[in-house]
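By written order: A, B and C. Residues from 1 in each chain.
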Amino acid sequence: MKVRSQVSMVFHLDKCIGCHTCSIACKNIWTDRPGAEYMWWNNVETKPGVGFPTQWEDQDKYHGGWELEDKPKNPQLKLKLQNRLQTLGNLFSNPAMPTMDDYYEPWTYNYGDLFNAPLGEDQPTARPISRVDGKPIEIESGPNWDDDLGGSNIYAMNDPLLQNMSEDEKLRLFSIEQLFYFYMPRICNHCLNAACVAACPSGAIYKRAEDGVVLINQDKCRGWRMCVSACPYKKTYYNWSTGKSEKCILCYPRLETGQPPACFHSCVGRIRYLGALLYDADQIPDATRVPDDQLVQRQREMILNPHDPEVIAAAKASGVPDRVIVAAQNSPVYRYVKEWELALPLHPEYRTLPMLFYVPPLLPVINSTQENGTQRVETELFTSLDKARMPVRYMSLTLAAGNDEEVLKSYRKMIAVRIFKRHETVGDVTAEEAAAALAEANMTAEEAEAIYRLTSIPTYQERFVIPPYSREGDIEEIYDPQQRKAEAGFGRQQAPQRGL
Amino acid sequence: MINSSIQINKQIFRLALGALMFLVVGCGAIPKDRQTANPASIKEIAEGDAVNGQKLFMGYAHFENEGPPCMGCHSVGDNGLLGGGALGPNLTNTAVEKTDDDIIGLLSNTGIVISPVMRPIYTDFPLTPKEQADLLAFMKASVGEPEVDKEFWIYGISFAGVLGAALALGFVYRNRLRSVRRILVREAEKELQ
Amino acid sequence: MLDVLLFVVFPYVALAIGIVGTIYRYLTNQYSFTSLSSQFLESDLQFWSSTLWHYGILPTTVIHIAGFTLPKVMAALHSTPELLYLSELAGKVLGVMALVGVAIMLYRRLSNTKIRAVTSPVDWIILALLFGQVFFGLILAFAYRWGATWFIHTATPWMVSLASFQPSPQYVTALPLAHKVHFFTGFVLFALMPFSRLVHLATFPVGYLWRRFQLVIWTRKKVA
């Protein structure tokens, strides 16, 4: 057993209000630079929708992620993009490279014209100009072009996940009383079996062993752009100005100083949780090679119980510091993912073992079963869950590789918690009904209470349990401070400029 | 940082190794023992074999000292599928334009007329008197032959080859990712109308 | 005198600038080592220009280097006229592919304003030189046949003499002007390598063929 620690995340989708504050916080800190304007390391998508870049979930087009060899005995994992030899042949023109057109062309406005226009009959206007070449452009798309189902007959209808549904089902999904949508914030999943790492010809992308953050070494990146194609979540971006690829760094400078990443910190709906998970790195090869419907369960199995003395001993033997083990014991992510089995990984069928988990939103399920706008819901919720076939199917295609049972399990618990709390606070649900609901979801009153507390009224310290870092100590052991005392301590001495 | 400096040393090592290999292999290519060429005598010229001369000229038979065949740079009459070379002059009628002495002198680097391009080559790889005589006999035999221009075929085949290569690349990469959003929007708008 | 300058002094200077400069740039500014791909901004023409160019020029370059380092092998590859025609035609196809590729590259950079915005002055110089280099190379190949034969008896001994520090420019000084331009531009390009995006050549990632897929890096290697 090789125990490693991973700083992982849970996004509670029921609480997301789609305000994009996280995206803005990230943009202001990291990607407000030439060549990075179009990048959204954190973005919020409306689902159903095509997402960013357009239809990123359609791997027949983008060729991201891994796939299992098509043979019955001992199938191996291979990159959907290309094999090793093909990689060298595809360096010159990457055959699966999305272009700026599939994201959007960043623009600004010619504000100077408002002040400098000569006196005339008409109001001066500020025309949109491209931030690439400075020429006036027609704005055709943007980072949230289909926000809140805007242009849904074009965008939402072409959600790759709806491809398997019939025209009739699609129409019903978008009919007035059936219509549902929810928001899905996305950042880099900091996968355990990252396709971007595997695809990088220069070996510039790596996973930090201490906390599992996946980073691109900007000095080693040669701009071959294979990571952009290989990442099934399209969360590595090519900086067209510096000729390097960039991605979410999970605000590691903030993590190292005990602060949550900017998008977590700024989250208005408080949907985000961050904490350490201990996992068994030896199980990675096996966990990526099970059939689709077992992927979620298998990934959960490789996450270890930090309270188990055996695990603690193994963790210590593997070099996980005590302080990280303590952090893992208090981790809200562990509770959501493993203990309660509420949170599910995004598209586990890409087989990258993503370490960002989503609690599926309950609202579409309830909403889609309402009739005549009346809401006498609580105890009927379980029966309504059966009726909400389409939303559940959509969620399971998103979060469980099509395994409805995983999503239903999560929903049953969430509904039971609601009924249980309604009994306690409102009182129009009887104790028997509440107990029956808990039994249906196979949970205790204590667990329901704990879920309620961490979901609805968690403190800042409960949401973000950041394992203490000791980067200074680690670095001191590499550099003798006495020897280095006269040198500046800020790393790179020159601004990262485009190569000649 | 320590890691990266190790990485750098590795890179320099590889570069140095590459340069060293280049030098070693390169030095090995220098001909070691240089003989001086002897011009063919009158008797040898008289015994020149035009058929063997043609073989030597075309490279079907190889020079004893491993010199390059003449057709790499010269043409005589109609030689071979795609003709002889064009770096040096066409030698079809050279036997009447130049004296035997001049030609033998050229071939052996001993005469008054010297080719500055050929001199260093056939100093390293001298022709034997017999070979000189055979070549001279071949040149004499070829005087007056029609010169055939085959450039059309060379250009034609080359450009056809490029077209073929481009088509092959286009075929291999036929599934490459083209615009997703533009196509999506265009198709959807068409359907809505 | 000019010949000595062009075919003895300049090659050494160019090689020194190219090698030392590239190593220096690698040591001091590894960040700048990138292909600076513009495929993200424009992909359709990029495919044709880049694949034709690279699949043409890389084998051509390898063949040139093999001609310098393995002349015996290369001579054996065209020991009869038929073999010579075959290898010559293959070389010509590669060369024309490269020329078409670089021509499309020039057109693409000139015509697309987005690509122009990411083109530096040295990019223009390099692109023009590459076009000229391939163009003159093709003049040699087509107008001065058959290069496969004369290459290893003119350029090769000259390069070998340079590599063994016994420079013998007489192998090439008598060749036509087109040859001299081709040789000179070749060394100019080599000298410009550290000052341009050409350094991406030095970083061709062969190691990817055998490296392990997942890379995990410890800040500090723990004592087991």
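Heads up, the rule we're going with is that contacts are C-beta pairs under 8 Å (C-beta built on N, C-alpha and C of every residue); 3 or more make two chains touch, one makes a residue touch a chain.
Fair warning: this is a prediction, and the values are worked out from it, not measured in the lab.
Chain-to-chain contact here is organised exhaustively, every possible pair of chains being in touch.
In this structure, the chain pairs A-B and B-C differ in their number of contacting C-beta pairs, and the larger number is found at B-C. Distance from the chain A centre to the chain C centre is 43 Å, each centre being the mean of its Cα atoms. Between the Cα centres of chain A and chain B there is a gap of 60 Å. Taking each chain's centre as the average of its CA atoms, chain B and chain C sit 20 Å apart. For chain C, the set of residues that touch two or more other chains comprises 30, 43, 47, 51, 55, 217.
The set of chain B residues touching two or more other chains comprises 4, 173, 176-177, 179. Residue positions of chain A touching 2 or more other chains, listed in rising order: 93, 95, 97-99, 219, 478.
Considering their complex, residues 3-4, 8, 11-12, 15, 19, 21-23, 25-27, 29-30, 58-60, 62, 67-69, 71-73, 79-87, 115-117, 119-121, 124-125, 151, 154-155, 157-159, 161-162, 165-166, 169, 173, 176-179 of chain B touch chain C. Within the complex formed with chain B, the chain C residues making contact are 19, 23, 26-27, 30, 43-44, 47-48, 51-52, 55, 68-72, 75, 79-82, 84-85, 88-90, 92-93, 96-97, 100, 142-146, 148-150, 152-154, 156-157, 159-161, 163-164, 168, 170-171, 173-176, 217. Interface residues of chain A, counted against chain B in their complex, comprise 50, 53-55, 58, 61-63, 93, 95-99, 101-102, 140-141, 153-154, 157-158, 219, 229, 478-479.
Put simply, chain C touches chain A in their complex at residues 29-43, 46-47, 50-51, 53-55, 113-114, 116-118, 120, 122, 195-197, 199-200, 203-209, 211, 213-220, 222, 224. Of all residues in chain B, those touching chain A in their complex are 1-2, 4, 173, 175-177, 179-182, 184-185, 188-189, 192.
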